[in-house]
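Both complexes shown next keep chain A, but they swap its partner, so chain B is in the first and chain C is in the second.
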Partner chain A sequence: MLKRQVFNEIDDDMKKVEEYLFNMLHNSYEGFESSYRYLLKSGGKRIRPAFTLLAARYGKEDIDRIVPLAAALELVHMASLIHDDVVDASDMRRGRPTIRKLCGNDFSLHLGAYLFARALSVIAEYQDEQLNTILSLAGIKMCSGEIGQLSEAYSFKTGLHQYFYNIKRKTASLVTGSCQAGAVVSGAKPQIIQALIKYGHNIGMAYQITDDVLDFSKDEKIIGKPVGNDLQQGITTLPVIYVLKYGSEAAQKEILEILEKKTFETHEVKRISEIVADTGAIAFSMSIVNKYVERAIKAAENLPDIRTTQILKEIARSINGREY
Partner chain B sequence: MLKRQVFNEIDDDMKKVEEYLFNMLHNSYEGFESSYRYLLKSGGKRIRPAFTLLAARYGKEDIDRIVPLAAALELVHMASLIHDDVVDASDMRRGRPTIRKLCGNDFSLHLGAYLFARALSVIAEYQDEQLNTILSLAGIKMCSGEIGQLSEAYSFKTGLHQYFYNIKRKTASLVTGSCQAGAVVSGAKPQIIQALIKYGHNIGMAYQITDDVLDFSKDEKIIGKPVGNDLQQGITTLPVIYVLKYGSEAAQKEILEILEKKTFETHEVKRISEIVADTGAIAFSMSIVNKYVERAIKAAENLPDIRTTQILKEIARSINGREY
Partner chain C sequence: MFINAVGQVASEVAAIKSINSQVFEKSSQNIDLYFRDLLVNEKYLWSAFLCILSAKALREVNKTTVKLGCIMHLLSITMHLHKKLPQTILTTDIKKKLQYPILIGDLMYCKIFSELSRFEMQQYIPAVSSLICTIHERLAGQESQEEEIEALICEKACYFGAHSVIGSTDTTEKISELGYHLGALRTLWESEEGYSAKVNSRWQSTWKLLDFLPGLKEKSLFQDILLKMGEQWTQKEQLC
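After this line comes the complex of A and B, so read on.
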């Protein structure tokens, strides 16, 4: 999680986003409302709306105009999480039962599609063509990234290149879109938009790799979902991909033997975590995170020297210090 | 199915839509391509793109400009069918195995979301704000209609009002949107757009009720999916709702006894079909279809007296003559 204090300076604006999110289904069909509110109350880092708000500060900022857009970015993210939980058959997220656990897969499938359509309808109201393109392309990339990942599941053959390609689409595309959308709608200059796109891409990559590392290195109670969650879905992420490529023959053999069972006991997941740690895969992965963080900071250096740019750099730096 | 000959006059344009649909995933991620092509080859009535093409004839028609829009409407429809098959756990559609049967629920969930996002990205290119609103609102309504239906499943308490409300959202909204989008993008006059919206709504309603009637009255081989498919999902449609409201006490009792089992044998589905026929529920439902067909024709009477208007009326009239 990005450290809360980084966001102190946009807290007031973020409260408006939260308020917008809570009020937006007020008059709609009540079959959705309770589960939607449950989702909102389950928390989340809201990093996408935060980036939209921050990016908007590089143009003619009108906070009341930006809030719905920022909220829409969060809706797209929520939609993707709901669908992910269905695909992963996840029962827990953020330490609470998932919507699919509470309301079923069928309901979740419609709720996810509904929230995505709602986001697009919010965005359509801006009458800004670029926004529609940014969001629909992000949606396309997210789905194709998920499919890319899914189609390799249980093959345990995902290479480094494919891994980076998948996470670029499934995660970085929406973070990039969040930065881009905020800048575009506020009328920021083209070179600023380009710098923010670069920043968003690198932040998104760093963020996803950190998440993948935490999947092995942290306690279930802290991350709010089971350790080795991806592996349980047959998905190998950077730490395991590293071991399978650069680990000792013994380490590779042991990991593959466990993976090929396709379902693992707790002690086996723990063993994989140990191998991952012993091989230096965590350190390697974090060095890649650092590389993306540095690139994000470098991109921010092409932005005007205003306080917002400092905040963006602080956010970047905080990623490798993420505790959960 | 709308009779093919009605479409003769737009066959050349429809071929362009088909070509566009087949070519659009040409350079994209191949994980989607084969299943997408399979879906296209499985056929379908393509009534939504047909309405978009026809509606565009009331404005400044530029066929090459309309084709992608018409295709996008079909993509939204395809996306909804893929998701419906997941929710209904359907193995067959149009006489062929469904994507969810062939590629799994997880893949289907992403493919549906992907196609919806692709449709929106095609539409975003028109740089016409109204189009984005039309399509995102149709998406919202379709999802909420599906949820409305789902939340009542197995309650067998859906009333007439709720049934009409559900099908308005889940089916009529996209047919309406198809007519509206074609008219809007071609710059048709406001009163023409209004008449086409009215026409589309009534056609969509008539079309869905006919579909629901066919679910009881036709052979599996003809409709390409199991008879009583909705009932198997715990969903009551107009014919059964009619029996439960207006049928004899004995008929109501017998139907409810079967429904409350929640899963039925073939002979029980057959028995429900018999009761539905004996109670006059099919005749009643078709009288409602006729009412919507008449309203659609009346709406078309507010359109300029050109050949296209005649075609729209013929399509309306062909609905109650649908054979499959």
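After this line comes the complex of A and C, so read on.
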């Protein structure tokens, strides 16, 4: 479990980010403000702002200067989730109805675009060309990753290499950007920024693979969205890719027969989850997570030996124990 | 068809199309084809065209003007992509139809941000983000018709064009007001399929605004456009 206590030491700073986020849409269009507050209250782990705050500790830490940036990164993430829910036609997220379900596709699309533009205006205030470039490239990679994944949907031919490339772009890029941005704005040394980039990349990869594993292995109530959600979107993730590549002929045949139907009943998703578990795909996927966790810790070894580095290592170690 | 009426900006408009055609160069064939149709559609080039025209009417067009024209072009296409979606998604086919426009639109926003990231362009980020916010607020609140949305985009396009060559002046503000009218006029012209009392009234007010616009070296560039629109339903002499 990505324990809350890992973040305990930045709790005060995170509260400032939360406060900033809550006040951001004050005086906006009323419909946006209420939906946005609903989203903020729905929770979320806020890992991106947390990494920005932690990375900023390697430079001249000025919390009032970092808080808006950390909040902007959460805003970009929120915008992408709102649009993802429209793209996936998802009704539930974090155990609550999505904005799409409550307010419709059009409204969600406009809210997502609005939040993204608000994030831009916050980032622009730093007047930092390097920061702008880091975050715009992270955004481009995120969108390209989503488009790449979509173009392969229902083909069920995604290989390991393509899968890693997709998750690198759609998830790891913004986590990397969050670490890098915090360090850059605080004026950290180049070698520290490089170490944080590596750390962020590996954490982002580990985080997404864990997410993909949880999609099969945990209860809907725990993960807050339907089990097998990716499969319902026609997307194969690491556990299924493993079965299709290394599973027995019978397992491959049974999974493909279900997948080729393109729409699945609950019992069929459950059956795929069983096959995934029986073939050792979960164990394989978690071994990959562990490799990324090890790489993240190794990257952190190149950071100064301060308490923040210990926290970053603890976060890395806690990822493979995540339950939601 | 209106853009062709002003030959003096043809090379800049061609440059914008060419630069933006590279946006999806490395993307999959499906996306590339989808995007290419939008790229050459004059409707979405209108804001970029007005941006260039505003600069040219005042001074010589510079690199910043062309970059801003590219941004306005991408913004117009994105607004089109992010317009009305089906409220209920019933089938995989319908789902597919809305997935690409959403994601490609998001990608365009990021590309726009990327273009604005460079040092000399950073000053335009607040104005672009404010424009995006305003448009999406109005669309979500269903407060605005297409006419007003286009007017807002073109208002900013003309402001950017003028700002790129003369900075922030009274003329820059006035020319952005003209942009607002030209954006609304074109949308009305299309929706009413040419002549109507509403179009005529907007045409007249735009012409008057242009008449009183100070400091334009080449006022005829805008006049040519208005006359091209006007010649569809009445005599040039009467309009002038």
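The rule we apply is simple: the second predicted complex is superposed on the first by the 323 of 324 C-alpha atoms of A that agree within 3 Å, B and C clash if a C-alpha of one lies under 4 Å from a C-alpha of the other, contacts with A are read in each partner's own complex, and residues count from 1 in each chain.
We adopt the following convention: contacts are C-beta pairs under 8 Å (C-beta built on N, C-alpha and C of every residue); 3 or more make two chains touch, one makes a residue touch a chain.
Keep in mind it's a predicted model, so treat the numbers as computed, not measured.
Superpose on chain A as described above, then tell me if chain B and chain C fit or clash.
These partners clash in the superposed model.
Thinking of the overlay built on chain A, is A:262 touched by chain B (first), by chain C (second), by both, or by neither?
After superposition on chain A, A:262 lies in contact with chain C alone.
Per the contact definition in the header, classify A:59: touching chain B only (first), chain C only (second), both, or neither.
neither
For A:228, is the partner it touches chain B (first), chain C (second), both, or none of the two (neither)?
After superposing on A, A:228 lies clear of both chain B and chain C.
Would you mind listing the overlap between the chain B footprint and the chain C footprint on chain A?
28-29, 31-32, 83, 86-87, 105-107, 109-114, 116-118, 120-121, 123-124, 127, 129, 132-133, 135-137, 139-140, 142-144, 146-147, 150-151
Which part of chain C faces chain A closely enough to touch in the complex?
27-28, 30-31, 82, 84-87, 89, 92, 95, 98-100, 102-107, 109-111, 113-114, 116-119, 122, 125-126, 128-130, 132-133, 136-137, 139-141
Within the complex, which stretch of chain A touches chain C?
Contacts found on chain A: 28-29, 31-32, 80, 83, 86-87, 89, 104-107, 109-114, 116-118, 120-121, 123-124, 127, 129, 132-133, 135-137, 139-140, 142-144, 146-147, 150-151, 154, 262-263.
Flag every residue of chain B that touches chain A in the complex, lowest number first.
Going by the criterion above, the answer is residues 28-29, 31-32, 79, 83, 86-87, 105-107, 109-114, 116-118, 120-121, 123-125, 127, 129, 132-133, 135-137, 139-140, 142-144, 146-148, 150-151.
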